Every structure is written in structure tokens, then in C-alpha cells.
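Structure below; questions to follow.
Chain lettering (A, B, C, D and E) follows the sequence in which the chains are written, and residue indices restart at 1 in each chain.
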Amino acid sequence: MKRILTITVAGVAMTLCFPAHAAPKGDGRPDGGILNYSEYGRPATLDPITSNETISLRITELVFNGLVGIDEKQEIVPELAERWEASKDGRVYTFFLRKDVKWHPREGDAPRPFTADDVVFTYNIMMHPKTITPLKVRYEFIEKVEKTGDYTVAITLKRPILNALAKFSFKIIPKHGPANPQYLTREDRFAHSPIGTGPYMLQTVTGDGEVVLVANPDYFKGRAHIDKFIARPFADQNIMAQALMFNAIDMIVLVNPRNLPEVQGDKRFVLQPYNALSYSFFGYNVRNPLLADRRVRRAITAAVNRQEMLDSFFNGQGTVISGPFAPGSWAYNLDVKPLPFGPEGARALLTEAGFRPGADGIMEKGGKKLVLSLKVPIEKESEAVKRVVLAFQNYLKNAGIAITVEFKEWQAWKEDVFLEHNFDIMFASWVFDDSADISSLFHSAEIGDWKNNFGGYSNPEVDGLIVESKLTLDHEKRRTINRKLHAILAEEQPYTFLWTLTNYSAYHRKVRRVQIHPYKFFSFADEWFIPASEQK
Amino acid sequence: MKLAAIKPVSRVLARELGITALLLFGVSMVVFAILYLAPGDPLNVLLEGQSPRSELALGMREALGVSQTWYGQYAAWFSKMLQGNFGNSIRTGLPVLPELARVGVYTLTLTLGSLALTLLIAVPIAVHAAAHGETAGNTAATIAAYVLSAVPVFWFGYIMVYVFIHWFGMFPLISGTAARQEHAWLYFLVPIFVLGIASGTLSEMIRHLREELSRVLAEDYIRTARAKGAPVWRHAFKEGFLIPVTEIMSAKIPFLLGGAVIVEQVFNWPGMGRMAWQAAQDRDFPVIMGIALVAAAFVRLGNLLQRVVFTAVNPRASRE
Amino acid sequence: MSQTILEVTDLRKDYSQRRGLFSMLTGQGRVIPAVDGVSFYIRENETVGLVGESGCGKTTIGRTVLRLTDASSGRIVFDGRDITTLSRAELRPLRREMQMIFQDLDAGLNPGMRVRDILREALTVHERPSDAEIAGRIRELLEQVSLKDSKLANFPSELSGGEKRRVGIARVLAVRPRLIVADEPTSALDISIQAQVVNLLRDLQKNLGLTYLFISHDLPVVELVSQKVAVMYLGRIVEMGLAENIAHQPRHPYTGILWSSFADKETTEVTRRVRNVTVERERRAWGVFDFEQPTSGCRFAPRCPLYKDRGHPAVCTDPASEPQLRDVGHGHVVACHFA
Amino acid sequence: MRRYVQTPGPIGEFSELSLRQRAGPLDLVYVAYGLLVVAVVVASYMFGALGWLPHDPQAMNVGLINAAPFTSGHLLGTDFLGRDLQARLILGIQAYFLPGLLAITISVVGGSVLGILAGYRGGWFDTIITYFDNLLDSFPRLVLILLVIAAFKADIYYVMVVVGITGMPVIANLIAGKIAFLRQKSFIEAAHALGLPAHTVILKHILWLNCRALLVIQATLGMAEAILVETSLSYLGFGVQEPTPSWGNMVQAGANYFLQGNFWPSTAPALAILATILGFQLLGDGLNNLLEGKRRK
Amino acid sequence: MDAPLLAIENLRTYFYSRAKRAFIRSVDGVSLDVARGETLGIVGESGSGKSVTALSAAGLVTAGPGVISGRIHLHSNGAQRDLLDGLEKYARVTEQDGRVMAVEKDERGWRKHSEALMAGVRGKEIAMIFQNPRSALNPYSTIGKQLVETIRLHTSLKGESEARERAVHWLERVRIDSPRLRFDNFPYGMSGGMCQRAMIAMALSAEPSLLIADEPTTGLDATIQSRIVDLLAQLKTETGITTLLISHDISVIQRLSDRIAVMYGGTVVETGRAAEVLAPQAQARHPYTAALLASIPSAETIRRKSYLQAIEGEVLDTIEVPRGCRFYGRCNRVTEAIRESCAGLEPPLEEVAPGHKVRCWLYPAAGKA
């Protein structure tokens, strides 16, 4: 159960959308078949509000819909809302809901229609103080959600924000779902046997932890082709590839780079890359005077051979990056090249910063040794993380910088980094919901408990550019600003930006028309199908 | 069994049940004490991205019904526990007891299965050694048992997985994968085999059984049996076999439950061991408390059965 | 007549039997009187024999008078001093005055120590003699118990039974005691060795002026070594007197039965009679002695031939009239209604 | 066919039974092997502590990952980061050596105290200690450790305190049993009767002269237990963390390559665990047969 | 005269002391006869080999190497068999200079063969009772069950209820109080004397030809001992069973035996009619027997409070068997005339009077040899 570290998305331009075409699937492709896919562990909950794992994310994507969706091209498309309007001041959005949407039926119950009440209910329950959800912080910009008609909802924002529309992709749950209408806890039955509007309905969770989903015959976009999705829990990633080989599963959503050659060599399987809006980095705590010096941070980056690590540990499946934006996004500045690997350069920078090699080979300045602590969250499955961190330590040792690595349990690590700020360097990855709003990462206003500027980085120029970018509605202009921001941050190195990895999913050839959403994975699963001859 | 024997058994059963209850109460105190003394707050797990110091968090506490005092917490938990309510998992929100019942069956299968296997191997070796003294054959078997008992069970598990995949072309994992495959029963046996062989109990079991049987075979009453021309095994069975076997079975349950944590991890066995591992990672206190209690109850139950068997066959025990 | 060295008055020792936590909580548990109101005294340089069947409490008396276990009630006066309630620390100096020879040959012989170290330890418990003194004393002790020097380097496991017994005695003698409680000192030995040990003990008494409380079930030996003999039955002394009187003119039926098991040669009238009665009543075989619920009245009544002979007199089973010891002349005391 | 042979020549004085004579032939092999393992472990621990290692255990060679033994100066090959396996195996002893000693110390000292209270003082102590023993025995050790890890932190010293405490009942029972045996032989009474003070009886006669073999044996077995626990936890990811090597986390890391047929990186530490645990077990059992004789009820 | 019921010839049973790497010569050339209907008492101190002789006769020796040679003839029910017949091929003894240097024994083969020879003999023809009856009875089974088992094994009564009746009958015969109640008792909770009675009942219930009573009174209280001896005496007159009685207690032997064998150091040193051997004024007697009798306090000793006549030294350790007479080292009757023989040559067991044999150089009959 990989946890995700997500940041709030920034938006693209508002568009006025046309009602989506909601017709039965009459596309001539066959229905039927079962798709088994592997998961690492069992999900804690299955509802979209209390869950916080990628496993649940995949399942809720199949079971629920948002008011809007995001398509393959990162564009906002209608889902539960046919269309929407924004007020002139950008504070009020009115959504016109589809009238043909039915909730999955509970046993012995007729399917109930989806209405505006459900949207209001979802927002209220999500924001209730007793509901524990990682989503809450993301919707603090909403002032209220009101029902203006049976099928119309008005959402009022506290202030106009960019790309607000993308944020309305949160999943809507039924008013008659949770047992407790005020707030949702993990103990609620709904958290374990949710009903939604999506293409698949939860059938059962078996005794050994398999989640079985069946196609919703009344899905408003038409019944999904594949009859069943089954999520099978595994305790060991190494076994997953074997399970695929033995047809115990049909799909691995995210293949461990180590297993790529094995799968690649097998004609039965398709190895499909998909772009992830994410990158990994080493983040610095500039509260430490040693790291406050830009030269030290640059020296560290220069001392680390990122390409070698990428090649050795990830079979070269990725791109070394130079700045804070996901390389797949429009905001990324391709003109800025990653800092080159150069141990000599690193030493030169340190020397320039006043460091001299000590007796034990560790650089020191004014009697103070350049010893830094590196905190890494334990993720048992992620042997790759371990390798990267240890290699990082090793590179820096050669440059005269001593790193003490501390692997910490996830929660302890989060407390250390985001609350206590008790670290020098941390290792993590950002996964972007969408695009390129990095304001929460580097703006000085974002320094504080549980805020994302954990390193305490503060630079008025960056602050200014971030604000400017936020206020600018012109896409090209914003692009220019972001490119500048990129260049500055690449120069400043508040992080050592590492790479974006190419993710691969592996699946049996019998599954066709597979497309995987970069971070929601199963958004288009209703289109997948298995030819009748291979349905078994 | 004659009526005369049933009476002491029921009396001992009542006494042992009392002791078991007392011990389980102690177990709950120990568990609670450990958790109470623990630093930090299990609630943080849920407060992803939110400060546990905030007022919001206090709201969370209330939502979870967490009292502020230790005795309040313990009393609440204990009284709920007595009603069969072990609380809800912090991670999944599901009630702990039904979850434990669900996975407990798997662990019980694994544990008892491997116990049976260990016995199946240990008994012939031990009996042979006790009856014939040290021969080349049983010495070799004893040494082999020593070696097997020292094999790290996790590594042995990987060996078995490898062997099955690459030699037999089978995929030896249960949990939703084997259930719908051919030879599913076979995959069921692999973890049992691994735990039974390499849990470290084999050599101890052989030693215990051999020593007890040898001791009993040297008892005066066995000589009497031989002197009157009666079959020795008939006389040695109760004290030389039945009692030591139940003794060692009962004594080994905790070890096997511990071993199950690892074997379940390797073989993706959906039992209590994996649940414990998961709960330890998440600091999911209600779950790990429940597991510790249920595991202790397993152990006590095994002990209880052993005491009952012991009393049933040993007229002395009921008088003491 | 020499002075009294040990006087025991109304000694009582209860054992409480409690098992496990559960019975502790429920308060179950029973009290068993192993010694039930025993009085006697021993004069200096005298041997008092204490006989009775196993489990009758003779060993408990031995352990209690030496304060190895605490009496439940009663009074123990050693050499004019009441030692019943002395603390451990107060007792320690007294330990050298009174010693015990245990039935078990290995008692006191730590298997991890050589004979030399065992003796050295005993010699240095109460004093701090020099090495030369120790060597001298060890030589003296060996001589006293007729043990070869070569055995000093041995571990107890390498000694024969007789040698172990001798080492055990030497260890006791090391502290120069005045009173020795000898608990079945010969029962674990072969016949030919028994005689050696009996002779040794008598020699030591003569040479060192020791006083013995001689506990044994071997009646001829008791008769041989003792001046006085006390007969115990189920925690009480039922008869006590001069050895020859006890052996040859027993007044209590139990004493008669005891002696009859040995006396093949010179059978007294009483014992012969008793014998006949018991053979006749073979069917009333002797069952388990129930310590938990002694019969009311005379505790010997259920086994008593006289009780049968006299047609079950009520006085024998009357709870209020358990027979008490009374003097029947010449310092001979008996606890029987018909003595 | 069994052969019994009398020693040729006249039979001399058997002043002392040597261990050799009391032993079965296998016991000596067990003990010899066990002592060898102990020697290797202690020596390796010293080498590790002094930093006398064939290679820098942290130095990685990204170009030489999971190398086979005897590859470019790596006697035992390299791990998944190209680090020298031999050096890491030696250094891995640090992970359990001192913690194991801590666990042993706790169980030996605690067990002795409890055993003496139960056996020597008896009465209520005996009852309470029996209850305490049963209480500790009720927990599967690994589950209890996971509980403590969840409650506190995944620190090997915390874990070893638990191992030490849960190891106490066995020792306490053995010592109480030994005392009961000595009592039965009127041993303790004899010492008291002689006027020996209680502490001499307890420390010298009971603990030193009669229980030392037992304690050494239990300590040896305790070390095997400690190694087992440490490696198991490291395997589960709760023990020693990278980059510090532990045999358990080495097996775990190596196991990622196991199914692809690259056995060595996990097998090397697994064999080290196997050989070491076997050594301590055999040493304990062999010593037990030599010094204590077969177990008596 | 009939052939004796049991005739033991030159029996040797050795044990191996691993600690000392030497043989314990527990039974070292013992020959004994037990005539039909008589009671032969074997008396001796611990280590004299008396019990091992009995166990060897019943094939109950378990420790190695155990019985290595000899003959044990059993004449009963018209059949004659040698209980060690053909067993010599399983054991090979290497002797050197009169000392056993090595024994090679195929123990499994021996045991198999021996069990075959013993089938139908042990329990059926030869029954045994042991010392410490409470541990010799199976504590996990009731007295009744153990008796019924024996009866069904060895008599024609195979039915459960018949066997039960017979068992109760036997319990009555050994004078057990309310036998029907005792039938369902476990040995635990019964007194030692009661257990010994049950033991005797069990042994006799198979209606054996020979009863071996191995220390039947040891471990019992003095008063109980005498009851058991009385019982044995009564049963002897009632059933006339041939008995091999073993005890260290001379008074027990004296009261029950017709003939006596005195054992010392693994050999028989004297054998003869009980009255003759134990008579206070015996003519010819082995010095050991004499000394043994003298070491027990007699009425005379007690009356005069004189010293006991102890035998000096320790009981012979059968590991180090001297070349000459085994009692030589402790003997107080060695004369200069025979000293050399005593020290150098083991005396043979020679008849000094009809039916009375002594193993001593003092007696002229021996001198002839």
C-alpha cells in the first residue's frame, strides 16, 4: 500500500464544455471476461473519502464518478455534470447534472437516482470535522455547495482560484450511502461496501482479501465491457511477476523495473508505458546553516551521478530532470539542463563555500564537519528507494560529505519532516494531480506545520513569481513565468531533482484497448475489453 | 472413560478455566500497559497531513471514543472486550473480532497443520531412537532435524517458492490465486510444510519425545509389564507417548504462531501473522491488541487441552 | 544425672498444602499437622531413639528442634535457652552446637566441591582458622571418621556410600557440635556398612561426649544405641521410656506391633498376642493413613487390636478423650486408655 | 553389532570423571562445532568492531551488482548495490551480538532471581512467579515483539529486552527445579544446619556450584534465540535498517533476486544464520548432555 | 530327585561403564538350582548380583551388553527349555588373562531371539514381583485392569467378565480388603503394602510355575514388611509355588526360604539348606556369611550394649575383581596357610556337607581341588 504524496493541482484555462455524449456502448466490442490484477497488500477502505492508498484509488476510480473527469489529454470532460457555468467573478460555479444516473443498487433495493442532494451531501460529509480524510485540505477554498434545483448545484468559492474546475473531479457518494449522514469514519459500513455511480460495482471482498468488482449494467456511459475486475492482494512484489507468468493474474498496474526484462521477453504480455506526473527528489532543510548555502546544495547535486543510478536501478526507464515541474507538463522548461555530474566541480563548490577536507576525508568548515542526516520513509516494497538512498550516501562520501541515513516508519517520518522539521535531507517523490502548481512547495507562506514547504525555503523572487503565475490567466504568459521559475529553482537547488520514471503496466495480450491514467489508473477501464475467444 | 475419571477431569477443567481467565486478564493488562507507556499517538495514522495537536484532532479523538485517562481507556476497552467487542481497526475501521475470526481460521490451519506435520516426522524418529538406542539411522535423522531447525524459515520459504515455480512449474501461493487454480490443495500444503519443517521445533520435539519415552521405558512399571509378558507399548503409551506429545504440542503453539508471522508474509497467507505485521507497521493498536489476546487465548487453549488430557489419563493429577 | 540439653514442649508443626494461584484465591487448601503436640527432653551425652513408620513425623521433629523449619507452636529449649523464636541471625552461633546427620547420603556434599573443600567450608563457617589449623583439623576429622587422606581430592560422586556417610559425619563434626540429630543415618547403607557406621557413631559419642536424637525405623539398632526410645504414631508420641522397656515390655499396642515385625527371637507376650490378632484380621488390611482427618479420639483406634478385642469401647473414639501420655512408672509414659 | 571394550591394562584410580568419559560421542562433536562457531562469531565481531574488514562494507560498486563469489576480489561476491558481501556478513554480527548479550543478561539475571524466589523462598513467591511465567508464556514471542515495536519503535534493544524478559521463565523454572532437587537431597537444610548464611547458600551453593552449567547452557540457547529473533525482525523490516547490515535484512534484500535465479545474495547470509544458530543450539544441547545429564522429571 | 524346575548354569551378565571404560561384572559365573516346590532365597548386599541374576533369568536385562553367556534351563509342564539357547552366537567375548577385554554383541539379534525364547515363558511360566510396588504397578491403569490383562494373556479365561471374576478372586486371596472396590483403584492412593499385594495377585494370577520375588519388602514400612512376608508364607503353603526369593534382608530370607544362596561380588559364595547356613552354630560357613550375620544387632549384642562386629572395608566393586577370592580383602579368617591361595586363586564352590556348598579355601573339600 504505497502512500502517495500529492500536491494540490493548479489549473488550466477554463473552458465552456458541451454535454457529454451518454449513449450505450454500441461500439461492437464484446462484453465479458474477467480481469485479475495484482495489488500489494489489502486496501484499508474502499470509499473515496477516507481512503488514502493507491489501491483504494484504483478501486474508487472504477466505482465512483466525479462531477467532471479528466481525459487522456489532461482536459476536463463532463461526467456526472452535463455542463457547467462559472460566474463572472469566478467565485460561483453552477453544475447541471445528468438526469439519467442511477446509484448502484443495494441488495433488495431498487436503484436510486443521482441528484443534486448527493453532491451537497458529499461535500458536507467530506468537510465535517469528524470525517478524517486527506481531501479536506484540498477543498478549503470552497465556501459552500448549494442545491439550486433537483439537478443543479452551485458551488461558491471563498476566492477565485486557477483551474478550480479540475478540482471538482472529486468522487460523489450517495446520500443514502453512509449509515451516519453527518460524517464518515472508517467504521462506517459504507467504507467497506460502497455504492457509487461508476462502471463497476463492488460485489464482494473475499476472505483472503480479494476485491471483486462487477460491471454496472446501468452505467450511464454504457455497460463496461469486461465483466469483472478482481484485485488480488500480494505480500511480495517479486511474486507478482511470477503470478503474471502463471496466469494467476492478468495485469500488473505498476511493474517493478527489476521485472521488466522478464515480462518484456514474454510474447503473451504487453508492456505499456504510461507517463506519470511525478518525480523524485532529495529535499533540503535550509534551516540548517550548512544547507542554507546554495553552493553546498549545488555541490551535493553535482556529486551525485543521477544518470548512473537511473540506468542501474531502473533499467534507464526514466528521465533525469532539472527543475520542479513534472516533465510531462507544459510548465517544464526543457531549456534548463540538469546539473552535470562532476565530483571535481562539487569539491570546487565546497571549497568555494569555505570547506576544507578534514583528516578523515570529510569536508569541514570552522571545525564543523559536513555531516548531514538523511531521513527516508520505510516502504518495504521499495527496494529501489533503498538503493537510491544508499547510492546517494555513497556518492556524497566520495565528495567528502558524510550522510547518516535513517529509515523511518512512514508516520514517524512525516512527523519528522513536516512537523518537527528535524532533518537535513529527506527523500520523497511528488505525484502531481494534474499540472504545475508548485506554489505550495516553494512559497515562503507555505512554511509551517504540516505544510509542503517543509525545507523552509524562502526566496522573495520565487515568491513573487509564484504569485504572479497564480494571478495570470494568460496561459502563454504563465508559461513564461513558470519557465523562469524553473530556471531559478534549478539554479537554487532547494531540492536535488532526480528523475521522472516511466511507469509500465504489464498485462495479458487478451486485454485490449488498455489505457492507463497517469495517476488515477483505471479512469478509462470501461472501454477495455477482452475478445470473446479469449474470455475462457 | 469411566465416570470416575470424568469427575476429576471436569473439576480440573473448571480450575484450569479459572486460571486461563485469570491469565487472559493478565495478558490484557500487559498489552494495555505496553501500549499505554508507548510514546506518540496511534491516531496520527489517520490524520494524514493534519496536525494531531489541532483542535480538529481532539474532535477525532471524540469521534473514536477515546477517553483521556488510562483507566478510563482500559475500563472502556475491557468492558467492551467482555461483550465481544474488541474495537475497530484504526486502519480499516472494521471491527477487530470478526476480522480476527476470519483470519484466525487461516492461522489455525497453518499452525495446527504444521504441528501435525512436525509430529508426523518427529514421532517415528523419536520412537525409534527411544526403542533402539542410538543407531546410525536415527542419529542421522536427529542431526538432520537439528539442521532443519536452524534453517531461517523465511529463506526456506523462498527456496520452496523457487522450487515450485522453476522445477515443478507451479505457482505455490494461496490467497486468491491458488483457490481457482489446479492443485490448489497442494499450494495449501506448501506453507504448512515450510512452517512444519523449519520452524525450529522439530529437533526439540524429537528430543523431548525421545527423552520422555526413554525415561518411561526405564520405569519400573514397564519392567513389570515386560515381566508379565504384556505388550510394552500398551503400558508405555499414556505416559511415554500421549502425555509428552500433548505437552510438546501445547508448548510449541506459541513458537508456531510466531513462525506463522513470517511464513504468512512469504506465502501471502491471509492469516493473523500478516495482520499483525500490518498492524505493527500502522500502529493499529486495536488490531495488535486483539491479535495478542487471541494468540494468547490460542496458547492457553492448547495448554488447557493438554491439562485435560493429562488429567484424563493420569489419576494422580486429579488428586493434586 | 547429667543435665538436660534439649527440652521440647508441646511442639506442633502444621504443613499447609496449597497449590497454585487459583486455590490461593479461593482459599482452598488444607492444614496437615505433621507433628501434633510432642514433648520430650534429652540429657547430655544421652541417646534418645525416635521410632515410627515413615510419615509419622519423626523427621519433622528433627528438623524443627534444629530450627531448620519453624514450629507452629510449642517451645524448644536448647541448653537452657529458648530457641523457638530466635531469628536467623541469633540462631547462627547456635548452629555449631547442634547439628544434623541427614538420611540422604548426599546431603551437604555439594557435587561440585571436593571433600577437602566441603570440610574446609564447614570448618570456616563459624571461625577463621589459619590454613595450618584447617589442615590439622581436617586430618583430625579424617581420623575420627576413619577416612583415607586420598579421599580429600575426590568429588562426592566418586565416593562409596559408606565413605559419603563418613564425610557427612566429618562435616558435622567440624563445627564441634554437642547435639546431633541423626536422621536414619544407616538406612541408605548396606548391612555390612551399617554396622561400621553404628559403631562409628557410638565411638564418637563416647570420645566427644555427643548427645544424639537418633531417628530410625531400624528397631534393633535403635534399641542398641539408645538409652531412651520414643515411639511415634501419626504425629504424636504414643509411648516413651527406657529402650529395654520399650522393646521388651511395651505398654502401647502400637509399640508391640512395631517390635513384633522384628522380634523373631524373643517374642514378648504382648507382641505375640498382638501378632495373632493382626494375622487374624488380615482382611482389615492397613489402609492409607489419612492425615487430613485423623479419627476422633484415639488416632490408633482404627488399627488397634485391643480396640477390637475389647469390643470397640466408646472411650477410644470419643473426640474429647484422645489418650494423653501418662506415667506408668520408671519414667515410662504411654498414651493408651488401657495401658 | 555393538562393541564394548575395556581399557587395556590395569584399571587405575578414577579420581575424576572427565567430560570426555561422560559424553556420548555425538555430544563432543556438537560441542566442538558449537565452540568453533562461537569462536568464529566472537572473532568476527571483534574484527567488525575494530573495522578490520576485507572491504569497506558500505562502498558500493553500481557496476558490479550481485556478483558471484570470487569476482574481482570479492571473496563472497557482492550485494544488490555492489557492496562486498563478506564484509557485510562480518559486520552483520554487530546487529545481534551486543543486543543478544543484553537479552541473555536480562534472562539470566532475571531468571535467577525469580527462580531463587520461587524455589528458595517458595510459598506465595512460587505461586506468583508461576503465574508470571504462565503469563509470559502465553504470548507468542514474535507477536509480543511486534506489539512492542508498534507501541515503541523498531529498536533492536527494545526487542532484546522483550526477548530477555520472555526468556526468564525457562531459567526461573530450571533453577527452581534445581533447588527442589537439592531440597529433596536435604542439601539446603544441610547448609543451613551448618550455619551457612543464606547468601552463601544461594550464591555459592545454589547458583555457582549447581546452576552455573545450567546458566551457561541457557545463555547459549538464548543467544541462538536472540539471533533468530533479530534476523526474523530484520527480515520483516522491523529490525536493523540499511545501510547497517544485518543477516536478516541481507536475506530480505537478496530475496528480491531469488526468483530470478540469483540465489547467492540471500543464501550467503541465510547460511550464516543457519550455521550460527545451529552452532549455538548444538553447543547448548551438547553441554546440557555433558554437564547436566539427561533431563529428569 | 526330579530335575530342578530352574537351573542356572555359569551365568554371566556384565554391564559396561562408559565412564570407566570397563565392565561391571554383575553376575560372574553363577550357578543355581531351584527345585520344584521349594523356595530358594538369594541374599546379598547391593552390587552382589542377586537381582541381576533374577532379571537375567527372566530375560529382563536391558542395559548393554547384559547377559553374555550361560544356560538357564527351565523344566515345566513337561517341557524343558534353555532360555539362552543358541544365543551365544550373538555375543563374542574376548578374554585375556582371565579378564574380559571386549564384548561384541549383536543386541538386536539377541533381543529378537531372546524374546522368541521367552514368549510363553515370561509372565506365564515365570512371574515376577518387584521392590517398590507403587512404582512397579502401572500408575496409569487401575489395579483391576492390570490383573485382567495378565489373566487374559496367560490363562484360558479370555472373556472380560470371567477374567474380572478371577481377578477379584485373586485380590481376595492376597487379602485385599473389599476387592471389588479396590478393583477400580489406581495404584496412586493405595498404600505400598496394598500395592505389593496387588502385585503378588497379578503375578500369581497367571498361575506360573516359578515366582521370582525380587526384594518384595524393600521400600515398605517395617510393619508392612512383616505383613507381606506373612502373606508370602501363607501363599507358599496354600499354592506350593516354586519361588526364587531375593532380598538383602536376612530375616526375610530366613523366614521364607528352604534353601539359601549367599552372593558376594557377582558369585555365589555359599549355598545350602536355610537352617544349616543360618544356624547360629553352623559348622562350616563362609566367612562372609558369618560376618554378615554378626553385623546385625542380636539380642545378645543389644543386651550387652556391645559393639557390632562390622566387616571392614567396602562392598566389592565388581569392576575391579581381584584375582583370588573376592572376599579376601575384607576377610578376617584368612590363615597363613591359605593366604596365598586366597590372594591368587578364586576358590571353587565345593560341597562341605550334603547339599551345602561353600566357596572358600578354608574348607578341606575345596583344598582337594
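Keep this in mind: a residue touches a chain if its C-beta (ideal position, glycine included) is under 8 Å from a C-beta of that chain, and two chains touch if they have at least 3 such contacts.
Just so it is clear, the model here is predicted, and its values are computed rather than measured.
Hopping across touching chains, the smallest step count from chain A to chain C is 2.
Of all chain pairs, the one linked by the most C-beta contacts is B-D. Chain centre most remote from that of chain E: A (centre = mean of CA atoms).
Averaged C-alpha coordinates put the centre of chain D at 50 Å from the centre of chain E. Remark: chain C and chain E have CA centroids separated by 33 Å (rounded to whole angstrom). Chain geometry summary: the mean Cα position of chain B and that of chain D are 22 Å apart. Among the residues of chain C, those touching two or more other chains are numbered 20-21.
Each of the following residues of chain E touches two or more other chains: 189.
Residue positions of chain A with contacts to 2 or more other chains are 239, 242, 409, 412. Every residue of chain A that touches chain D in the complex is listed here, in rising order: 238-239, 241-242, 258, 262, 308-309, 312, 378, 380, 383, 386-387, 389-391, 393-394, 397, 405-407, 409, 412. Contacts from chain D toward chain C in the complex involve residues 14-17, 124, 127-128, 130-131, 185-187, 189-198, 205, 208-210. Against chain E, the residues of chain C that register as touching in their complex are 53-54, 160, 162-163, 190-196, 198-199, 202, 217, 219-221, 223-224, 247, 257-258, 260-262, 264-266, 278-279, 282-289.
Chain E meets chain B in the complex at residues 58, 60, 62, 108, 118-124, 127-128, 130, 132, 135-141, 149-150, 153-154, 184, 186, 188-189, 199, 202-203, 206. Considering their complex, residues 3, 41, 44-45, 50, 52, 129-130, 132, 134, 136-137, 183, 185-188, 191-192, 206-210, 230, 232-236, 239, 242-243, 246, 248-249, 409-412, 414-415, 418-419, 449-450 of chain A touch chain B.
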